[in-house]
Each structure stands twice: as structure tokens, then as C-alpha cells.
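Take a look at these structures.
Below are two complexes that have chain A in common, paired first with chain B and then with chain C.
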Partner chain A sequence: MSLQSPLGKALGHGSAKTGLDHWLAQRSTAIALVPLGLWFTVSLLLLPHGSHEFVVAWVAEPLNAILLILLVIALVYHSMVGLQVIVEDYVQGGLGYLTMITVQFVHILLVVAGIYSIIVISLGAGQ
Partner chain B sequence: MAHSDRPLSPHLAIYRWKISNTLSIIHRMTGVALSFGALALVSWLLSILAGQGYYSLVNDLFDSFIGRFALFGWTFCFFYHLSNGIRHMCWDVGKGFDRLQAQQSGILVLAVALILTVGLWAIVLAG
Partner chain C sequence: MAQFNLPPNSRVQKGKTFAAPAGAKNVRRFEIYRYDPDSGENPRMDKFDIDLAECGPMILDAMLKIKDEVDPTLTFRRSCREGICGSCAMNIDGTNTLACTLAIEDIKGDVTINPLPHLAVVKDLVPDLTHFYAQYASIKPWLQTRTPAPPDSERLQSKEEQELINTPSACILCACCSTSCPSYWWNSDRYLGPSALLATYRWLVDSRDEATGERLDELEDPFRLYRCHTIMNCTYACPKDLNPAKAIAEIKKMLVERRL
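The block that comes next holds the complex of A and B.
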């Protein structure tokens, strides 16, 4: 049996060099979401109410389509990383793993469905 | 699991509620709410893709009392999470850590979020 404390064991091994990825991704997506989120909020305000024809034309506008795809990617990634931190903090054990995998699956579904919709709306509008 | 009875961090039950930790937990709660906003965004995109009928249905849903209440909530969550996120960014680069500064920036964040939310909905309801 070793009398060395867990801290003593950990000291002297240096940093693990990795593990900062999620922390950094949370920040970089946050920075991207400042202009993208404000742009989308203002755009929603300016969209005329209820017209399907108009909203299709709006999504199909190349700049709007590109910004929407960027918004979906940044938003869904930021949401996933943020929820993962909360799950890590509050949900333990087997349920924690299950919740984590569910969070990941739902977010991957969201990003794929979002990008697919934007692209197909854009392609369909030109016909 | 071996450690399932360990206390969960952050320990919501034992801290005295101050402006700092209250704003911090609101940041998390608004983040979770905005994750559901991401779900709503993708549903909206899918409804545009699905055509006039589905789009009208989703549009009516957002236009109902509950829908408008949710949109109002997401507006506040967005502006709060945005301004408090910028506050966090300042902390990340080492600015504003002083206790008085942190309290003042916290009040500023709340004020900005409330003003922007009310301002945006004044435009919505007037227009």
C-alpha cells in the first residue's frame, strides 16, 4: 500500500496536453455566434409575416444560405458542448453516459437536418 | 457506479444566493433554454422545406399565445446569454475580476438584456 496522496501522484507528471478542445470550441463558437445570432434576430424581425414564398426566397439568397449554415453549425456545436458540461456536472454514472450520448445524437441530428434543409430549400428555389 | 452518492458540483443547495452565482446559474439556464431554441430553429427550417402547409402550421404555432411566450423567453435568453457571454470573455482574458467590477458588470448585463428584449418586442408588437 502506498502512502502517497493522489495529489502527490498527480504532481510532477506535467499537463496532459489535451482536454482544452471543448473549452476552446465553446469560446470560438461563442465569438462566431455574436454576429450570426444578431444577424438572424434582425432578419427574423424584417421577414414579412407568414409568406412561404418569401421565406423560401430569403433562405435561397446565397449570402443568407451561407450565414444560416454557419449559424446552425456554430449554434448546435455551442449547444452540445454547453449541455455536455452541465451533464458532466449534474448527471452521474450510467445515466450520465446515456444522457451524454443522447445529447450528442440529438445535436448531430439537428446539425444534419438544419444544413440539409437550407441546401435543399436553396436548390429547390432556383427551379 | 462507485461514486454515485458524491455531492454534485456546482452545489446549488448549499451556496448563499448572491448576484454573482445567481447570474451564473441564469447563464446556464438560459443556455439550456436556447438549446431548445436551436431545436425550434431547425424545426422552422424543416417546415420551410416541407412546403406551404407545414410552414403555415409551424408559423401558427409560433404565433399562438404559448408560441409567442416561448419566443419572448428565447429573446431574453439570447440577449442575456449574449451579454453575459461577453462578460465571461472579459474574465477569460483576465479583465473585470475585481468584486465591485464583477457586481457592476452583472447588473449591467441584466439591464442590457432587459432593455434589448423589451425594445425588440416593442418593435414586434408595433409592426
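The block that comes next holds the complex of A and C.
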């Protein structure tokens, strides 16, 4: 039971004074993903052969490696902020915090693994 | 977690059927949500067969006829019967709207009437709007200025400036929009909802108001404002043809403008 006033309840802990950065990040990564996604899809389709050597050689080219790293960052960041919105919508309380931390850990792992792989292929193939 | 199932004591059961009087010419069935907290029973859907030949044209007319002639315990709010007080907001045929401005003939088949969704029900079609009103109060819906009022006249607005607040200030606080919004269903404890956000927008674009910065500060919050994902149920539901979804988008634009 609570005897808190309705206005007190509505005001809660006040405004977090944040949210715009998150909103901008979601939109800017979405815009970035349009050219990057198109470039990635078309490039792979234009490969003469889908075999391992061809793809590795393609990734190893400096411009491709740079754009690929940008694609991984934009994609993973977009996915992370998007999933965060879904968690905020549907999962509250302790379970919400736990889910949010898990989502962020998994995405940080994904982005580091992605960038590491591209660098390894890029440098390794150059030898 | 967001709650997707009704608790056991809120699950709706079959109710009574009230047949139309003998000799009725144009019978229409009204299925109405009934809940009496004092009875200890679950809510039920009662069916009322009404002779439209002996009834006014609007949904509210049929409900008043039921209350007057069939079952006086049927409970709902109503006042002006012309869409300006916002009292008779309810979910009719699956859409939140005002019973007084919706014609019976605009609904095909049986007319289903439920209380506004996802609010605690006080009785029958009367929902508890305490939190909804508290949220409206929380956005300080009044003129805030630092410039003292002119001693001998009103605070003036140009015609164009007045037109900016003309539409948003036509909101009647009926709660049709907020209670049609899934984000408001799941997070109304912290999300202000389309109604309170439209009300804030009305003051944000008021040329006389000098608290725009403070108002935007209060809104920039993952829950208060950014729970809106622009699905526009609010605009679809609004019985006054206002556009809360656009107002919320404009608020988000104002926050971007002051940053970039």
C-alpha cells in the first residue's frame, strides 16, 4: 500500500535528461547502414567465385577492410541500441537490468570479434 | 515483465442476455463489459438487444436507453453529449472513442463496448484516470514566463503564433489516445503518453511561454518521451482529429535542434 500522492508518483525520480543521444545513434547508424549494406551485398555478389580464397583476398584489400570494419561497428551498434529499446519496453526491474547488461556484453564481444577477424585476415593475407 | 495476460480475477466471463421487447422492429445487439468490485465476481459481457426504432442515433443514446429502461446498474461517465467534455471515452467496436459522437449506424453488426484499455476499472465502463490526470499535472500545463505581464493589456500573440496552439489546445483529455498506445500500456508509470506529450507541445509552441528549455529538459528521458515508437495509434484514436504523434515527433525535433 502507498499513500504517495498521484502527482508524486507521476513525477517519480524526475527526468534522466538523456535519451536524445540514443535516439540520434539509432538513426545515424540506420542511415550509415544503407550505403554500407548495399556496398557489402553488391561486392559479395560481384565476386567471381564464392570460395574461401576469393573472400579472404577481397577482405584483405585495405579499402574493403576499412569499410567492413565500419559496417561491423554500425551494424552492431544499431543492433545494440535497438535491442535496448525492446528490453526497456518489455522487461522491467532486476530482470531488465540483467538483460540489458547481457545484451551490451554480447554486442561488445561481437564488435571486438568482428574487427579482430577483419584485421587478422587483412594483415595475414598480406604476408 | 510487461503483463500480457489478465490476472485471474479480471478474466472476462459470459454475462446475462436481455432480449428486446416483443414487437421490436430494428434490433441491434450491444455487448457491454460489466464489473462490480463489490460483488467479488469476475467481469462479464452482458448482451442487450435494443430496438433502434425506439432509440436515438448515437452509441451514448443506446447506453442511456439501457440504463433508463433495461438495467439501471449500468455505470459509465457522460456529460455534454457533444464531444467536448471527454467523459464518455470508451472502447467501442475495438477503437477508443467517444460514445456521444459515434453513430450506431457506423458500426456493422453487434456493438461491443469495453472500458478504455489497460486501466484499473472502478466499475463497468468507468476506469481509474488518477494517474493519467497526475501526469497531465506533472507537465505544468500553464503559462510560465519571466517577463512580467503588461500592466494594461494581455500578453499579445500574432495571428500566426496563435494558430500554432489552436489545434493542440483543442485536446479534451478524454484519454482515448494514451490508452490506445502499447508503450503506455506497458510503461505508463514512467512514459507520459500521447495526451500529456501533446499538452506539453501546446506550451512548447506557445510564443508567450518562456519555459521552453525547462520543459524540454523535463521531457528528455528514455521513458517520459522516448517510449514513443511512432506507431500512431494515438492519432488514429483521437476523436477530436488531433495529431499527438506529430506533436511528439516535433518535440523530438526540438530536442535535436537545440543540440545540433
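Brief remarks follow.
The criterion applied here is as follows: the second predicted complex is superposed on the first by the 106 of 127 C-alpha atoms of A that agree within 3 Å, B and C clash if a C-alpha of one lies under 4 Å from a C-alpha of the other, contacts with A are read in each partner's own complex, and residues count from 1 in each chain.
Quick note on the criterion: contacts are C-beta pairs under 8 Å (C-beta built on N, C-alpha and C of every residue); 3 or more make two chains touch, one makes a residue touch a chain.
On a predicted model such as this, the values are computed, not experimentally measured, just so you know.
Shared-chain residue A:74: touches no atom of chain B or chain C.
Of the two partner chains placed around the shared chain by superposition, neither chain B nor chain C is touched by A:36. Applying the stated contact rule after C-alpha superposition, one finds that A:92 touches each of chain B and chain C. In the superposition on chain A, contact of A:118 is made with chain B only, not with chain C. When the two complexes are overlaid on their common chain A, residue A:65 makes contact with neither chain B nor chain C. Look at A:9: by the touch rule set out above, it reaches chain C but stays clear of chain B.
Which of chain B and chain C touches more residues of chain A: that partner is B. Once the two complexes are overlaid on chain A, the chain A residues touched by chain B in the first and by chain C in the second are 89-90, 92. Chain A meets chain B in the complex at residues 27, 30-31, 33-34, 37-38, 41, 45, 49-50, 52, 55-56, 59, 68, 71-72, 75-76, 79, 82-83, 86, 89-90, 92-94, 110, 113-114, 116-118, 120-121, 124.
On the side of chain B, the complex with chain A involves touching residues 1, 3-4, 6, 8-10, 28, 31-32, 34-35, 38-39, 41-42, 45-46, 48-49, 51-52, 55-56, 59, 75, 78, 82, 85-86, 89, 92, 120, 123-124, 127.
Contacts from chain A toward chain C in the complex involve residues 5-7, 9-12, 14-20, 22-24, 85, 88-92, 95.
Residues of chain C that touch chain A in their complex: 1-2, 130-131, 133-135, 137-138, 183, 186-187, 189-190, 217-227, 229, 252, 255-256, 259.
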